[in-house]
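Labels A, B, C, D and E are assigned to the chains in the order they are written; within every chain, residues are numbered from 1.
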Amino acid sequence: MIRLVGVGKTYEDGTVAVQELDLDVQRGELVVLVGPSGCGKSTTLKMINRLIEPTSGQIFIDGQDVTQADPVQLRRGIGYVIQQIGLFPHQKVIRNVMTVPLLYGESTATARERARELLDLVGLDAATYGDRYPHQLSGGQRQRVGVARALAANPPVLLMDEPFGAVDPVVRIRLQDEFLKIQRELGKSVVLVTHDIDEAVRMGDRVAVFETGGRLAQFGTPAQLLAHPADEYVEDFVGATRGLRRLTVTPIDPEHLEPLDGVSTGDLGSAIDVDATLEEALAAMLRDDKPLVGVRSGAQFVGVLTPAGIHRQLRASLK
Amino acid sequence: DSLESSGADTGSGDTGGGDKGTVVVGGQDFTESQVLAAIYQKVLENEGFTVQTKLVTTRDVYLPELSSGGVDIVPDYLAGITDYLNTEKNGPDAPLVSSNDVDKTLEALKPLAEAKGISILPPSDATDQNAFFVTQDFADQNSLTTLSDLAALGDPIKLGAPPDCEGRADCEGGLTKVYGLKITEIVPLDFASAQVKDAVKKGDVTMGETGTTDGTLAADGLVLLEDDKGIQPAQNLTPAVNADFLKANPDLEDIFNQLSAALTTDDLAQMNLKVDAERQKPEDVAQQFLQDKGLL
Amino acid sequence: MSAQAAEVAKCYLDNSWICGRYWSDYRPELTDATVQHLWITVVSVLVGLVAAVPLALLARRNPTVESLVVGGTTIIYTIPSLALFSLLLPFTGLSPTTVIIGLALYSLTILVRNVLAGLRAVPDEVVEAARGMGYSRVRLLTRVELPLALPIIMAGLRVAAVSTVALATIGAIVSYGGLGNLLLQAVGNQFKAQIFAASLLCILLAIALDLVLVGAQRLLTPWTRHAR
Amino acid sequence: MSAQAAEVAKCYLDNSWICGRYWSDYRPELTDATVQHLWITVVSVLVGLVAAVPLALLARRNPTVESLVVGGTTIIYTIPSLALFSLLLPFTGLSPTTVIIGLALYSLTILVRNVLAGLRAVPDEVVEAARGMGYSRVRLLTRVELPLALPIIMAGLRVAAVSTVALATIGAIVSYGGLGNLLLQAVGNQFKAQIFAASLLCILLAIALDLVLVGAQRLLTPWTRHAR
Amino acid sequence: MIRLVGVGKTYEDGTVAVQELDLDVQRGELVVLVGPSGCGKSTTLKMINRLIEPTSGQIFIDGQDVTQADPVQLRRGIGYVIQQIGLFPHQKVIRNVMTVPLLYGESTATARERARELLDLVGLDAATYGDRYPHQLSGGQRQRVGVARALAANPPVLLMDEPFGAVDPVVRIRLQDEFLKIQRELGKSVVLVTHDIDEAVRMGDRVAVFETGGRLAQFGTPAQLLAHPADEYVEDFVGATRGLRRLTVTPIDPEHLEPLDGVSTGDLGSAIDVDATLEEALAAMLRDDKPLVGVRSGAQFVGVLTPAGIHRQLRASLK
């Protein structure tokens, strides 16, 4: 779907923002760009929709070289959430969200309806906030309007630059979930920039870890990244506690559960589903204040997990 | 340098007369006035004054200044200043007190000027009156020298003159009532302008209006018709001086009387010609004039 | 004096500045002149605006064009109106077009600079967001840049309108000067009541136009009202 | 004809527009007039600017003051220069002050609007950051608001400078018109070489001033150079 | 030091941003305001330095009612990091940081020296970035300049609105640590707004959890908050996995370690200090791929921790 081949960008003053970057995004895939501040994530994103022209290399979307494409047509097929939010200060919130559907020639009524839905989706009551101007919103509210605006046109490709950076974790997880749902359902191809490795691990089908200077340090699935960091840099970036972070992404391995034998059902507390992650298992144990948790598949108990068992599975997944 | 206040001290070293202070010469900003202002400037500098020349567009601007002392001396025109002060005092519809009689006009002017703190020195014989001209050819063909001759011809006449000519005693009014000219149309054209001269030359109008000191007429093949019945008021050159200034410098009166006595209408026409056609600078022309007349 | 003399109002005879009779006697003339003055002003400023926007756009893209546009409009501004009208006269004759072209050229000088400054004051990130969403140049301009530049363009428009009201009087030299026609006549024959009336209407017209523009700006830029 | 006649340059006698002799014969007059024109223009615009800033500040705080300031400057702009100078004459006499006050009042009209628009275009968050750090009003104004408003103020300043160069010629009515003095004389006696020279210098002066202001703007707003 | 009494703010359009807020910050204390997007955190902060005037209640700094104070003098004693960053676009980066010291009348040389130090502190090389204009920086770099700018004057009180929101976790943790060091050393009183509950827990001496509508839901130490959320709302906000989050703040309890008996020193891997947190213990286990970790006090081993032991200690701390 999207392919970057040997792409580089050197700014006029000589700053090398991105160098020799090879990257590909499959159709329906969500690729996360993550890396330290100033490593060239935004620059990379903006080269895809030609807001910045690369100084070397080539970028293809659907096999077509973007430098050959008409930039306006190109961008109409690509949703874009800008890091600085960039709401239109002269338009009310609802209008800001309606702007792209109107661009596509939808009727005002349809666009308004869609904008209402999207505002609700990002947790802003259209009746309360729709008629405000952007400067009357809080920082996080503005950012959410920015996300709603980019989603409004329902584009097949989405570029999102730190779309959830300014919102609290409750809202963020809600937004991430909603977004993942939409993305999976509609098969969107997404490039998402974040500096939050948790968000990267949580959302990315594949994650590209950048190094300062715009070098790609590693590009792989979250599990690969956590289990086999390519080098010390990635290991550091993923974090000293990356083992713990893996809790979030490691599914329970039903093969290695402890047997149910000798455990009374009263001790099992609220059982968890076999599809859950190790994190959810640990959280359930703490919530119920029990040293073990039952795992079931449908109505059927398939085993129990203990703290030591979780640790064991985690260690196994790291190999 | 008559245009610039900064050029005022150029001639102050001409005599050993010492610095008697600053004099402001005022006036209007057309050729003749520039030349006269330059003459005044040179004369005053010769007396040891430092001179500033301020030439402005209209009499409205300099006259209040002359009265208040912002301007000390102005080369003015007898009937012009008389009419101005008269209308200012008695309203625009007041009867004219100027006429073609120099003495009567001067008599009428003096009290008006005194009331404003302005002293009027004796007028020169040199006069710059409005006058009417036709082409030399037309005059020759019909043996015309005066306006009466033209009236006698009895032809309908198109007149090129400023729009306010209509009805005025020194223009359309006088021409029709006093001379009995048959003026069929007044084509609005500026006084003494290139356009009015062109219009007469091309025959678009029969007769145009200009001044008696217009030096360029002969070169253009144009000629003035004499105002033999005297409809033009006496526009003799008259130094108008701020009264306080004159009181402080009483010997100036003699000097300006000498100057006025030496100046003729023809001198004015010649000097205008030098400036308007040969593009000599007014101060050079003034210098030449004063030297020729032995006034420096 | 004729038989009508008895009827002549005292303020006419006194040549007073303020003369009620003048206002009623000359109502049709005043109305016509004001209407002419207004439409000539409005049309000129609009023509100037319509020309200023593309010029500002060209100038924005290209520094050479900017120097040319700015230099060119500077030259225009230094040409005295009398000379400018004389230059136009052979082409457009004694018509309102002469006056309108002249006045439009003057307002262009003001407008082109303010349009340019206004466009440059639009926040970068807003423009980037719009471009990123696939706004074409035209749409970016009409929906984002011009609206956001509006407060600054309006400042220029108001100067242009007011100065055009003042300059329009000069149209009298080709007989399309609106109130300027009355003014010129009145100055010629020292008709003080008319000088006063025409001048007053001129001032009122300028203020009225300015107020209309302020009102329009308020309506067109509702987002600025809540700020700070 | 006098003995000098032989020397009279052909272009004088032909009354040509372009006449090399004129430029050499009249160099001192041209220089003096240009210098006078320049300093009167510069002083007038500076006086206008110095007056515009506090007026804009008052207007910004208070809508009533804004209407007064804007209305007042509108009225000034509609007063013909001749009338304005006549109004000032009794107080200031035949002095450069008369011209400078008049011209300053005209440029004020332009500047006050652009200063106001410029101040209003300063991003809210920048002002908030400065206030939050304890900037006093004066410092906020001089270090943050005015610098950021500069591109828009400069646009106004350039219009004001150019229009003042043009208007300054009218100073000739009180003998302080710089090149206007030469122009007026030359129009009076149809001295085409002088009309041409004075007009050309006027235009060059306007362009030169504009260029100087553009240069000053570049120097004063280095941060805009790297943008986009 | 700072005391808010019954403070409320209703915007002109009727939006109630903050209501009946009581809050106090002790001298040298770091209080974190945390809560969902749009809950009134920024509004609260701005009322302290009078960028927004409260519509009810009173605010005291050092016993003085701020509404009686000269706002300029007041703000000079208070550092402020604005959420929108708000760098001066017309000044180079170094000048932006020098601005407040210059405001206090320091010499240019001193101010420049200090600015250089601070840029280094926030991870920006002064030689590389000092002479750029803000628009030539990445989002995270801009934010760091904003923090450096607020620190430059060394004010006794600091208000920081999401100061680390746009930077990656590595830089963020570095910045947080550096900041905490400065704060502890210099005894600054700080109010910090964040939407990141991890940051709140990590940095705050006390944490104020806001509810939408500007109501204070709970105000206490991080441990109190995690252990005893005042209500369901706080519990939710602190997160379903708050137990895990507690790993970060729960120190090892040396009383309840398992004995060393029967453990060969080779099995202990790299031992951890008794002052470490449970999180560090778990991370060490995963790193060494061992089911237990030795705990030592100085050179002396005091016991071992197993996964089950960590779980037990965690559960105990929740009570």
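In this text, contacts are C-beta pairs under 8 Å (C-beta built on N, C-alpha and C of every residue); 3 or more make two chains touch, one makes a residue touch a chain.
A quick note: this is a predicted structure, and the numbers were derived from the prediction, not measured.
Visitor: Using the touch definition from the top, how many steps at minimum link subunit B to subunit E?
Guide: Minimal hop count between subunit B and subunit E: 2.
Visitor: What's the chain with its C-alpha centre farthest out from subunit A?
Guide: When every chain centre is compared against subunit A, the largest gap points to B.
Visitor: Please work out which of B-C and D-E is bridged by more C-beta pairs in contact, and write that pair.
Guide: D-E
Visitor: Using mean CA coordinates as chain centres, what's the gap between subunit C and subunit D in Å?
Guide: Roughly 19 Å, centre to centre.
Visitor: As a quick test, compute the distance in whole Å between the mean CA positions of subunit C and subunit E.
Guide: Whole-Å distance between the two chain centres: 58.
Visitor: Could you grab the centroid distance between subunit A and subunit D? Build each centroid from C-alpha atoms only and quote it in angstrom.
Guide: 58
Visitor: Using mean C-alpha positions as chain centres, tell me how far subunit B is from subunit D in Å, no decimals.
Guide: 35
Visitor: At least two other chains touched by the same residue of subunit E: list those residues.
Guide: Residues 13, 84, 135-136 of subunit E each touch two or more of the other chains.
Visitor: Pull out every residue in subunit C that's touching 2 or more other chains.
Guide: 123-124, 226-227, in rising order.
Visitor: Among the residues of subunit B, which are close enough to touch at least two other chains?
Guide: none
Visitor: Name, in rising order, each residue of subunit D that touches subunit E in their complex.
Guide: Contact set of subunit D toward subunit E: 123, 125-126, 128-137, 139, 143-144, 147-148, 221, 223, 226-227.
Visitor: Name, in rising order, each residue of subunit E that touches subunit D in their complex.
Guide: 46, 49, 51, 71-80, 82, 84-91, 99-100, 103, 133, 135-136, 146, 149-150, 153, 159
Visitor: Considering only the defined contacts, which subunit D positions touch subunit C in the complex?
Guide: Per the touch definition, subunit D meets subunit C at residues 70-71, 74-75, 77-80, 83, 109-110, 113-114, 116-118, 120-121, 123-124, 151-152, 154-156, 158-159, 162-163, 165-166, 169, 199, 202-203, 205-207, 210, 214, 224, 227-228.
Visitor: Can you check the complex and tell me which residues of subunit A touch subunit E?
Guide: Counting only subunit A, the residues touching subunit E are 11, 13, 15, 34-38, 41-42, 83-84, 123, 132, 136-141, 143-144, 162, 165-172, 195-197, 236-237, 239-241, 243-244, 247, 279, 282-283, 285-287, 289, 291, 306-308, 310-312, 314-315, 318.
Visitor: Tell me, which parts of subunit C touch subunit B in their complex?
Guide: 13-15, 188-190
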